[in-house]
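You will see subunit A twice below: alongside subunit B first, and alongside subunit C after that.
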Partner chain A sequence: MRKSLIGLLLILSMVAVACGNSLEGQEVIYFGAPATDGPDGQAIQSSFDQFTEDTGIIVTYVGSENFESELLAQIEAGNPPNIALWPQPGTVRAQAEAGNLIPLEDLGVDLEEYRSNFSPYLVGLGEVDGVPYGGAHAVNLKSIVWYQPAEFDSRGYAIPDTWDEMIALADQIVAEGMTPFCFGMYSNGATGWLATDWMEDIMLRTGNGTTSYDQWVNHEIPFNDPIVKNAATYLSQIMHTDGYVVGGSDAIVSTFFGDAQNPMFERDGNGNPGCFMHRQASFIPGFWPEDAKEGLGTETTFFPFPDMEVPSDTVLGAGDMWAVLVNDEATQAVVDFMLSENYFDAIASDVAGTGSTRISAHIGFDTSKYWSPTTQKQADFLKAALAANVFRFDGSDNMPPEVGSGSFWSEMTELAVQGPGYIDTALDTIEKSWP
Partner chain B sequence: MNYTQKWYDKPISKLILISISLTWMFPYIGFLLSSFREPDAIKQAAWWTSIFSGQIFTEFTFENYTEILFAEDLSRSFFNSFAVVIPSTIIPITIAAFAAYAFAFIDFKGKDLAFLFVIAMMIVPLQMSLIPLVSIMNKGAILFGLPIIPELKITGTFVSVWFAHTGFGLPLATFLLRDFMMGLPRSVIESAKIDGASHLTTFYRLALPLSFAGVAAFATFQFLWVYNDFLVANVFLGINPRNQVITSHVAQLTVGNYGEAWHLRTAGAVVSMVVPLIVFFSLQRFFIRGLIGGAVKG
Partner chain C sequence: MSIKSDSNKLLSFGVRIIAFSVFPMIWFLSQAILFREITNRIPRALLIFLAITIGSSFIFFLYAGMNKIISYAPKSYQEGLYGAMFVGPAIFLLGLFLFYPAIRTIYLSFRDKWGENSVGLDNYVWAFSDKIMQITIRNQFIWLVGVVTLAIMIGLIVAYVSDKLQKGEAVFKSIIFLPMAISGVGSSAIFKFIYAYRPPPLTQIGFLNGLRVTGGNDDMGNPCKNNIIENGRKIDYVNDGCTQPIGWLQQRDLTKFTSFENVTPDDSFFSWLVNFPLNTILLMIIMVWMYTGFAMIVFSAAIKAVPTEITEAGRIDGASEARIFLSVIMPYVKSTIVVVATYLTVTVLKAYDIVFVTTRGDFETNLLAVKMMDEFSKFLHFGRASTVSILIFISVVPIIVLNVFRNKEDEAL
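Presenting the complex of A and B:
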């Protein structure tokens, strides 16, 4: 009797195994730079909640400050994560060339569909010899200037549509005894990236617009070309005109970029803010003080970077990109999900409750799903730019590392310190360092 | 009164010593205070300004600690840490004690050369050997077509961390224990030999019990170093959170998004210091005696 019962149980369990979803309980490790328990990490993890419920595949997001070096160690250890999320597409290409990544095609991704959903430009950033390795993830918007509408209105300032209007406004603010710009670019080992962002925004709007921008990024024109020099002169105008920047130009390199906007939220004895305009990417509200965060979209919002010599709708942005290191069925299912329209639902509607302001790179993503009206507005901008192919990726991220995260950063920092007389030396030095 | 003042009894020396200690403690006081301050307060004013303005009392909070101490899976990370630390302390001590006895009391050919080799190993920087070691543990090593080390594929397991810590700890352990054993009265060992005791008996009955202070000193040292270690654990255990040790868990909890969460970082530092402090203060007697014993008598 007992024997037959055990036999029956055995058969039953075998049937259960055979019928059950074979992917049930499989683990997929997803490794990236935003820390696991930080706002972005929690948001990324939350985007898989529904997926895990539906498929039984357990996706664990792990984030680390030392993402890049830890990942390299784990690749060497033969113990890599299934999927990794890089902050720069350039690294995805480098890893693909090193043979550590699996092409999307081998994962069963329909490339046609992928390209049309995410724009050929974005997909191209993760390609090596025409083979896509990277999956576009989130994008952010850099071509924006943060300001406080109430402060503008009460003083009768208009949002500047052109560079000249912005300069005129800045002069007016200085004449009225206040400071127009917040500008801080200290960022530990990465100090200088903010100035490179400014340069890129200016480059997109001067010379021949996107054409000369692409030439510049790909080194088809030298770094000390007159077009680049012209752009640097514009930037120097902001950095080095007396009274334009909070704390004077000496404070630019010593102010942490995350704290740079704080003067805008403070009021002096006359009720005037410490600054009126701050050009910084869409992620900066994450660094604001708590009470300022609450005023996002109402008290503090943004206007597009003003037009310059070449009027255009060009948008400068950046974004992260994932790629697969370990190919198995569960990972393929996850990849399929991450390229789908619903992937960003949880992040956009802030299920994790962390106030994530990440924006999906999927052109078909319904922007009304974003919890914050500010993010929604930014996403609309980005979507239009992606669809019109005038979205351009942060150029310094696409230059060789010796320049993009080397001499370009350090020389721009030096330029901020030395003043306009240093422009020629800076550009010549960067040009010489191009490998 | 026939009392000769030692140099360190002079008031001026005391003053210097106290000021050195205070300087040394300054950053610690800073992060201890900051760990009780509200996030925005830390970013707005330094802790000394907030002491002088008296603001420190209004911005006092336990929030930072509750956020870390009640984090999910923190107990698992504690458990993992002990699963790494205890074997990583016992294994090298066991091996090193035997080796030290041999170096101290057995005469064999090439002893000095062998010992020199052990000492030389102490010079190799751990950071440099990490990646080669991890790749050997994964893929094995092949020299001239001969597999010297098999493909173990043990990376990402606790065994690999035990191996790594044993390897990195052995040279110092052997050196310390050998010096300590050399300091034992030779006559005791010799009389044991005359009485017909084998090396094994001498080791277990005499050498090991007599060098207890040395063993305890190294155990303390190794325990603290392994417990505090972040790099080796991270490289060998991999990134799966199930294997996470306390140092990497605290590091992860305290980052915020991209490293802006200073309030958590300071509290996390205090939390992770608790165990090492307990271990150090309960064993410091042995620690100091053991290190000095080896150094002076060696």
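Presenting the complex of A and C:
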């Protein structure tokens, strides 16, 4: 009995020694929120196929709907994944402050090169006290409005360049007995983020533009500042003007954001679409019905969010960010690869065949590699904005979670339900909840 | 003799301590360390094999080892030691997985976001002053009162009525009991379809909204239908005059309904209808639907245990059916009601799946258990998350205490 036990331990230790030397066969666990077998999860996994062939390092992407709580449990249990992919850079900074992350410098990353490849603004989103922890991954474009050119042309509608033109068009559509906007922001546990996106787009184009936007996000001006109130009034104009939104305020808060655009694809008894305009990020085609997906770029396409008080080329976007929790040689090799220019090749050309519309945050990435012309157009847009430093990241993602994924969401939801009279209460409540 | 007895006592005490704690602890720690060290070093298949063999033989070796130790003890102490041997691991496991985390949660509830600094009672002040927390506590209270009362009342009535059935009692009861067999997530998904909302002009797939938009005529006199094709023409509900669908799960305003449409917030009596937590009540119904069957089965057994002589005597004395139910049956099933109420109260305090699946706590429907997870994983505030869990813990305590006293009473009888 005792002898056999010693024998077993001996075998175990030999196995351990045998495996410890080369990177060949080393496993790296990559944990994120997009589901493992979903379009994004499969795309992410496919991007490592070539890498695994070249280096022998096995990268396993694991996705979970409850990513955040599962990751916390893993960290608390002392068994974190090697790399985690956060949908919000704010959480990367929170984790870095908690001491759970490894600075990129310790992983052998050339910070100068990293900053110039991904723009100092994006890199800065994953920094704590000037030390970068997060690696920029994919970005998306939010300052766009989806519409169907054929429906616009047949009625003689022009694409609105300014907010006033958009309102005029909306009034015209209402007068003709139809509904201008699709607006749905239900999102299990995150209801309200679409309204905060609208607020951010408006904030970028009102007040002092990017300056007041940055002050607002960093809480250098209070949340109930007149500039913010002005923006909320603009948003309320869309949400609460009678007949502007399909289904009214009930629809705004009760419609799942992924289904929100469906009325645009549906024709009512008179042959009219349910709505004409839908402001939503570049990833929304992934949620469209199958037959609508085929019309991406032709039947349904987008125009930029109209100009407002401050004319500018500013672009609102969001994106995810990864960071390393376990430092070993294999992980360092994976990090090197993920920061390289060709990391996004497989995702862009849709090797996995899932129709992923993710856009690389790498400024040097060749946009002609994207399989979809619509994605190419969005990527060009983003690249230009990043290079000109007028790209701004989704502000609510950069606010403390108590606000950015708490009161800002819930108060915007309440605002949608309660009507314009609630603006002051909403902004005061958010201001009070700022930690 | 007395010296020897004393040393025996000492010896037996020492052995008892080992049986209680040291031995299981060594086992746990050695396994933990072993697996921590080998996890990333050996192939996964071998790891799984080792985990299964070592893990499953654990109890066997634990008891074999303790048995061996106890056999060295004097005969007269062995019986007591064997008792300790069986209780020891249980106490150790309870301590490790229940007692220690409970203490640590209490400790964390007095500390800040990451548990680094003490913040005194701040988290508790927050728990009762924060707007969302106040609503969460209110919801928990509505659920407690509503679910427990409704499930017990409906369960009791159904049990009493089904007991009177000449035939088909089993089928009838099975149908009521069926929801018990569906998981909480499954039931919530079913009800999510009942309450589903889609913006017009999409076809309403939800049961309630499907009913709402079907029927009636619009202002032009055309019928309203849920996007039904008749004679090649689509009949929809988007025209003025048709009833519009309702977002049930966010609804807190009863003035949307025709019966209450004239109510304003200034009404002295009906103003509560303007901000009425209808969605919370709709979610509550899911749980009532799930647990009525359970209550019914337990009450049914209790009612059947009532001696027929007594109910018959009542009938001969001319008591009405309602009188017999209240004065004869009720006293008999009183203790059963307390048991069911206890069980339901604890279940409601733990309720998580229904809200998690349907609204995830949006639209002021949150419950404490979901809020606790939100604070932990969404807002990364360990202090507040611990505080919320302590609140749940504190609300369970009176029920546990009540139950202990009641058990003692029963024993006394």
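The rule we apply is simple: the second predicted complex is superposed on the first by the 414 of 435 C-alpha atoms of A that agree within 3 Å, B and C clash if a C-alpha of one lies under 4 Å from a C-alpha of the other, contacts with A are read in each partner's own complex, and residues count from 1 in each chain.
In this text, contacts are C-beta pairs under 8 Å (C-beta built on N, C-alpha and C of every residue); 3 or more make two chains touch, one makes a residue touch a chain.
Since the structure is predicted, the reported quantities are computational estimates derived from the model, not experimental observations.
The superposition on subunit A brings subunit B into a clash with subunit C.
When both complexes are overlaid on chain A, the residue A:Thr52 reaches neither subunit B nor subunit C. A simple residue count on subunit A separates subunit B from subunit C, and the partner touching more is C. In the superposed model, A:Thr91 makes contact with subunit C only, not with subunit B. Looking at the shared chain after the overlay, A:Gly269 reaches subunit C, while subunit B stays out of its contact range.
Applying the stated contact rule after C-alpha superposition, one finds that A:Ser405 touches subunit C and leaves subunit B untouched.
When the shared chain is aligned, no partner comes close enough to touch A:Ser372: not subunit B, not subunit C. By the document's definition of touching, both partners, subunit B and subunit C, reach A:Asp259.
After overlaying the two complexes on the shared chain, residue contacts for A:Val417 are found with subunit C alone; subunit B is out of touch.
Among the options 7-15, 169-177, 205-213 or 259-267, the segment of subunit B that ends up inside subunit C in the superposed model is 7-15. On subunit A, the surface touched by subunit B in one complex and the surface touched by subunit C in the other have residues 66, 259 in common. On the side of subunit A, the complex with subunit B involves touching residues 29, 31, 33-41, 60, 62-66, 70, 73-74, 76-79, 81, 258-259, 286-287, 289-290. Of all the residues in subunit B, the ones that touch subunit A in their complex are 39-40, 43-44, 71, 130-131, 134-135, 137-139, 153, 155-156, 234-236, 238-241, 251-253, 255-261. Those residues of subunit C lying in contact with subunit A across their complex are 38, 41-43, 46, 114, 131-132, 197-202, 233-236, 238-239, 244-253, 256, 359-363, 373-374, 376-381. For subunit A in complex with subunit C, the touching residues are 12, 15-16, 19-20, 66, 68-69, 72, 91, 94, 98, 182, 184, 186, 188-192, 246-248, 250-251, 253-255, 259-260, 262-263, 266-269, 274, 401-402, 405-407, 410, 413, 417, 429.
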